[in-house]
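In what comes next, chain A is part of two complexes: it sits with chain B in the first one and with chain C in the second one.
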Partner chain A sequence: MAFVVPKETFSGKVFEVEIGTGPKAVKIGGENTLPFLSFEGALPNKPVVACEVQDVPPEDWPETLREAYKDVSSDPVGWARHCQDAMGAQAVALRLISTHPDRQNRTPEEAAKTVSDVLAAIDVPLVILGSNHAEKDAQVLKAACEAAKGRNCLIGKAQEANYKTIVATAMAAGHKIIAMSDLDVNLSKQLNILITQMGFEKDRIVTDPMSSALGYGIEYTYSVMERIRGACLMQNDATMSPPLINDIGMYVWKVKETIAPESDLPDWGPVAERAIGWETTTAMGLLMAGSDMLIMRHPKAIATVRMMIDDLA
Partner chain B sequence: MLIIGERINVITKTQRLAMQNRDKGPIQQMAKDEVKCGAGMLDINIGPAEDKGDELMDWIVKTVQEVAHVPLCLDTTNPLAMEAGLKAHDNTWGRAMINSASGEEERLNMMMPLAGKYGSLIIGLTLNKQGIPALAEDRCAIAAEIMGKAAECGVPMEDIYLDPLIMPVPFSQEKSLESIRAIRLFREMNDPPMKTVVGLSNISNGAPKELRPLLNRVYTALLMYEGLDSAIIDPLEKEMTDVIKTVDVLLGKTLYAHSYLEM
Partner chain C sequence: MALSGVEIFKHLPKTNCKKCGFPTCLAFAMKLAAKQASLDLCPDASEEAKAFLGAASEPPIRAITIGAGEKALKVGEETVLFRHEKKFINPCGFALLIKDTDADIEARAKSVAASEIERVGQKLRVELVAVQNESGDPGKFADAVKKVTENAPNAGIILISTDTAALESALGGLAGKKPLIYAATAENADKMVAIAKAAGASLVVKADGLDALSGLTEKIAAAGFKDMVLDPGARKSKDMVEQYTQIRRAAVKKSLKPLGYPVISFAVDKDPYVELSLAAVGIAKYASIIVVSDISRWKTLAMMALRQNVYTDPQVPMQVGQNVYKVGDAKAESPLMITTNFSLTYFIVLGEVENSKVPAWLAVMETEGLSVLTSWAAGKFTAAKIAQYIQESGVEKNVSHKELIIPGYVAVLSGALEEKLPGWKITVGPREANALPAFLKNKSAAA
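Presenting the complex of A and B:
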C-alpha cells in the first residue's frame, strides 16, 4: 500500500513583505506552512540572502573574512557594488558601524551621506543597519531613513528602547523596519504590538529574534523562531506573522571557531574552511527554523547557502 | 475563542426599526463597532420574519458584509429567509453559520439540508419537543441525533456547533454545572470533535442588573476551560472581552504579551 504523506493545514500565514524598488525588488515571507514543506502548502518566496558591507574598512573582521573583500572593502560604495555585480547579491546590508560612540562616533549626517552614496551605486534592495547602540541608532537611523526616502529600504533595528523615533521616520519615509527583541517570544509580540499602535502596519515589519552562532546559543534563537512561527501558523496570531530575519555574520565572525588559526588548534583543521563552514551551518540551521532572510558575510558561505535554498525550496 | 456579536437583532429597538425601514446606517455602524471590539462573526437575528423575510435577509446580509469583512451567523426560524441569507452570503472571509437546527425533528429536517446544500456551519441546539434535558448525558443523546442527520445531509462533524442551552442560575442553579459538563462531553463524542457554542447572557437572566456582568464573565471562563469554541455575546462589553482574552492567554491559546488586552 502506497504511503500517503499526512498534510497539515494551518489557519495562519506569514505576511509577505517587499523590500527595494524596481525590477530587483525582493519579496520575503508569504508562506502558510512550516519551512520548506512545499508538498503541504504555499512557499511563494524563497529566503533571501543579503550581503553585509560596513561603512568603514573592517579592520576588526577575522583574516578569513577580510581576505575575501581585501580589494573592495576600503570604500562602502565600491564594496556594495562588488557584492551586487561580482557576487550577484540579492540584497546588500549596510552596517553603519562607524557611528558607534566607541568606534569612530560618526554623526547621523555623515551616515546619511554614506547611505545616499551607496544607494546611488546599486539597484538591489538595501538593508540599513545601525551600530546597535540604541540611543545613537535612533538618530542615525532617522537620518538614514530620510536620505533613503523612496527606495523602500529595510531599516534596522528598532528595539524597545528606541523604536518610537525609528518607526516614526520609517513610516514617514515609506520604509520597512526590523523589530528586534532579546530572544524572547513574548517581548517580540509586545514590541510588534507597540509598533502597530503607532500606526505602523503590521505587514511592514520584519522580526529579528536576535541570532546566535552555532555552538554559542543557536538553539535559543532556533526555539524562539519556532515559537514565533508556531503562533503565526497554528494560533493565527497576526502580531506574530511578520517574516523572520537573521543577522548572523556579526555573531559568527567573532567566535573562536572562525578566528583561531590551525597552528593554535591543529585538531580543528584549516581556519578558512572551518570558518566558512561555521557561517554556512549557522545559516542552514536557522533556515530550518523559518528564516525568511539572512544577513551574511563570507562570499563562499553565501553561495553555498543560496545553492541549498534553491535545492530545498 | 470565536466571539459572535449579538447586537444586530430584532429585539433592540434601533436595529428593529432600521430593519423595517431598510435603513443601512444603524446596522452598518453596529457591525463595524462589533468587529472593532473583537467579533470574528456577527449574528444577524431577524426573528421569525414571516413577512418578506427572505428579502430582508438578503438585504441585511449584503448591508452588513459591505462594511464588516467577517462571516455571519444567520439567526431566523424562517427557512426561506435562511436560504436567502445563505445565497447572499460572501464566503471570502469565512463560511456562514445557520442559527439554528435542534433535536426537534421538524427544525432539524428543515435546517440541516441547507447546511449540506450551501456548505455552511450549523448550530445544533440540544433540545427537542420535550424541552431541554436535565442531564448532560441526555443532551448528548440529542446531539447524536443531530450528528445522524448531519451525516445524512453530508455535513462534516467539525462544522456542527452544539449548544447545550444555558438555564438561568437564579431559577435553576443546579443546571449551571450540567451545561458546563455538556460542553466537555460534546467534545468527546467524535474525532475530529464537534464544536460548541452558547448564548451566554441567559446564565444571569432574572438576576439583579448589577450582578449580571459578573455572573456572565465567570461562567464564560468556566465554559472556556471545558473547551467552548464560540459564544454569542455583546462584544462591546469590554470587561467581557477582557475576560475572554485573559482566559485564552491562561489556557495557552494566545501568546502572552504585556499589551495582550489591546489586541
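Presenting the complex of A and C:
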C-alpha cells in the first residue's frame, strides 16, 4: 500500500487582519488550514507576540516578572520603548489597568493621555487594553480610540456587556477590535454577529476566546479554539473566521506556580525558571490550538516562543 | 473507520438460524456494527469472519505496553484528532535520556524514581528511561541499564542501540520487563525483530519519510511482529506537527494500518525552554512517548500539567473530594467559606485564600465537578443542599462562630440559607476569586 500524504482542503479561511501603520505594521491570520500544516495549505502570516506594559508600575506582579522590567516599568512610555527597542517586540500591548475602579480609578482622559504618549514613542503596532471592568472600559476605550485615531490599533476587549460603545468608536477611529466571550463557541459567534450588525466589518475583528493558564483551565481555551477554527475551516463560517488572540500574561502570572518560592515547595524547583516555563508552555499549547497572536509578559518566555514560532511557521 | 452492518453481513453465514438470539443475520450484523453484540454469539461464524471482524475492531492505533507490573505504561489506542471529539485515551509517557557514558547515571536514574508529584488528585511522574549505547561497549551498556533498573525500579526501559551484542547483554537483565528497543531500520529490520521477539520487547521502527516508514512496518507486520512504535524522524517542531498529524490522520481517518502505531518523539535541546516547548508540541500533537534530556523539577511540572490538561476527558470535569479543607493555620475563629468541588474552582479559590495570608476553612461541597454558577443553574448548589451539607459535615466542630461565607455569584441564596440553617449568619463573599484577598483581609481587620 503506497503511502499518500493525507492532505485536507478546507472551504474556509481565517481572515487576515492588519494592525498598526507604516513599515512595522503586522498582519495576523490568513491561513487556510489547521495550525502550521504548510504541507497542505497557506500560512501567509506567522503568529505575532505582543509584549505587555501597564500604565502604572506593576506592584502586584510576581517578583520574577517585576525583576525583568525593574528599570523601565515606572513609566509606560519608557517601558513601551524598552519593549520595542531593547527587546525587539513586534507589538506592544498597553493595559490601562489604573482605570479599574478598584485600582487607581483613573479617568478616560488620563488614559487617553497615556495612550497618546506611548504612541508618540513607538512605531510598532499598539494593542490597547482596558482594565477588564466592563462598564469603565466602555468609556476608557472610547477615549483611547479617539486618542489613537489614525494608528490602526487593536482595541480590547469588547464584551457582550459593553461592545456597543467600543465598536462605535473603533469604527469611527479606524481601529480593529478584540471581541471576547466566556469560553463558549456559541457566545463567541453571537458576539461577532452583534458586532457586525452594527456595521463593523467582520474582517476587522480578532477573537479572544478567554484564555486560561496552564493547569488552570487551559484545556477549555484550547478546545474552544480548536472548535472555532474547525468551524471556520470546515464550514466556512464567517462568524468564526476572525484570527484568534490569547492574552495569557494576566492569567499565568497570578497562579501559584509563578509565585511560590522553592522554599515553600521544594518539589517544584526554582521559581524563576518555573514561572518562565509556565508562561512558555501556556503559549506553546495555545499555538498548537490555533493562536494567531499572544499577549505575553516575561522577556525570556517571549524570546523562546518567538524562536519556536519561527521554526513552526 | 467502523464497519457498517452491510459490510459485516457479507461475512456471516446468512442462514437466519436465530441461534445468536437475533431474527436474521442482517439484524445481527447491525448489532455487531453498533458494538452491541459479539461475534461469539454465532456458533457458525467462519474463521475468515472471525479474522475479518477481529482486525476491524482493533483500535486504529495499536496498544503498546512498556514495563511490567502496576507501573507499566500503556500507550496507543487513540481514535480521534481533536480532544473535543472524544477524549484522548492513554496519556503519553515521558522518558529521560541517559547515555551509558554519563558520569552520574545513578543520580539521574534516582531523579526519575523521585519525579512523582500530585496534581488535582492524580499522581504524575516520569515513567521511562531511555538508555543510549553511546560508548559502543556492550559491557558498559549493560552496566548502565543495570544501574538504571536498580535506581529506578518502576521505570520502563527504552534501549537505544543497534548492536546485537550490546542489546543481548542489556536484555539479559530485563527478562519479563517488556522494554522498548530503538530502533529497526530497513537495513537491520530482520535482526532487530528477531531480538525484540526473543526478548518479548516492542520495537521502534525508523525510516526517512512516511512512505518508507509505512512500507517497513508493513513488511515487519507481515512477518508476524506487530508491537511497533514509530519514529518518523522529526526533531524540530515543524516536522513534529506535520509528521505526527499525518500519521494520526492516516491511522484514524484512512485506517492505514501500517501507520497505526504510537509515535515516539525526541524533544531534546540544549536550551531547557526549547526542550520544554518541543515536549509541549508532542504532548498536544499526538506523540505517545516523549524523550527529554533533562527532568528538572520546574520543567516536568509544566510538562505534566499540560499532559494532564490535554488528556482530561472533556465530558467529565475534574473534581476534588468533598471535604472541609484547612487553609493555613486556621483556628476556631477563622472564617468559614463554602464552594463547589470542580477542581478548577477549588484550585483557584484555594490559591486566592492562600494569597490572602488569612487562615480560613474552605468547605468544598460535592456538585459533580460543576463550577459555582453551573451547579447552581443545574440545581446542585442550592440552599437546601448547602444547608444539608453544612449540618452533616460536622464543620461546626471546627469553628467557634456560625458564619458561613458563600460565593458572590449565589448571593441570591442567602435568605433561603439563613432559613435552612437556623442560628447561622450568611455572608456574601466576592464574585471573583481574585477579590478574595481584599475581602478576607478586610474581614480579619474588622474582626
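Quick note on the criterion: the second predicted complex is superposed on the first by the 310 of 313 C-alpha atoms of A that agree within 3 Å, B and C clash if a C-alpha of one lies under 4 Å from a C-alpha of the other, contacts with A are read in each partner's own complex, and residues count from 1 in each chain.
As a convention for this text, contacts are C-beta pairs under 8 Å (C-beta built on N, C-alpha and C of every residue); 3 or more make two chains touch, one makes a residue touch a chain.
Computed from a predicted structure; not experimentally measured.
Asks: For the overlay on chain A, clash or fit between chain B and chain C?
Replies: Fit: chain B and chain C sit side by side once superposed on chain A.
Asks: Using the touch definition from the top, say if A:36 reaches chain B (first), chain C (second), both or neither.
Replies: Touch partner of A:36: chain C, not chain B.
Asks: Check whether A:76 is in contact with chain B, with chain C, with both or with neither, and answer first, second, both or neither.
Replies: Neither partner.
Asks: Touch test for A:299: chain B only (first), chain C only (second), both, or neither?
Replies: neither
Asks: Quick one: classify A:270 as touching chain B (first), chain C (second), both or neither.
Replies: second
Asks: On the A-aligned overlay, A:209 touches which partner chain: chain B = first, chain C = second, or both, or neither?
Replies: neither
Asks: Once both structures are overlaid, what angle do chain B and chain C make about chain A, taking C-alpha centres and a multiple of 10 degrees?
Replies: Taking chain A as the apex, chain B and chain C sit 80 degrees apart.
Asks: Please work out whether A:285 is in contact with chain B alone, chain C alone, both, or neither, and reply first, second, both or neither.
Replies: second
Asks: Between chain B and chain C, pick out the one touching the greater number of residues of chain A.
Replies: Residues of chain A touched, chain B against chain C: more for C.
Asks: Taking the superposition as given, does A:156 touch the first partner, chain B, the second, chain C, both, or neither?
Replies: neither
Asks: Quick check on the superposed pair: does A:231 touch chain B, chain C, both, or neither? Answer first, second, both or neither.
Replies: First partner only, chain B.
Asks: Pick out the closest CA atoms of chain B and chain C after fitting on chain A and give their distance in Å.
Replies: So the smallest C-alpha to C-alpha spacing between these two chains is 12 Å.
Asks: Which chain A residues lie in the overlap of the chain B contact set and the chain C contact set?
Replies: 227
Asks: Which residues of chain B touch chain A once you look at their complex with the stated criterion?
Replies: Contact set of chain B toward chain A: 253-259, 262-263.
Asks: Using the touch definition from the top, list the residues of chain A that touch chain B in their complex.
Replies: It comes out as residues 185-187, 189-190, 193-194, 197, 227, 231, 235, 237, 239-240.
Asks: What residues on chain C touch chain A, complex-wise?
Replies: For chain C paired with chain A, touching residues are 82-84, 117, 119, 210-211, 213-215, 218, 236-238, 241-242, 245-246, 249-250, 253-254, 256, 258-259, 271-274, 276-277, 280-281, 283-285, 296-299, 301-303, 305-306, 308-310, 312, 314, 344, 347-348, 351, 354-355, 434-435, 438.
Asks: Tell me, which parts of chain A touch chain C in their complex?
Replies: 1-3, 5-6, 8, 34-39, 102, 214-219, 222-223, 226-227, 230, 254-257, 259, 267-270, 273-274, 276-278, 280-281, 284-285, 288-289, 300-301, 304-305, 307-308, 311-313
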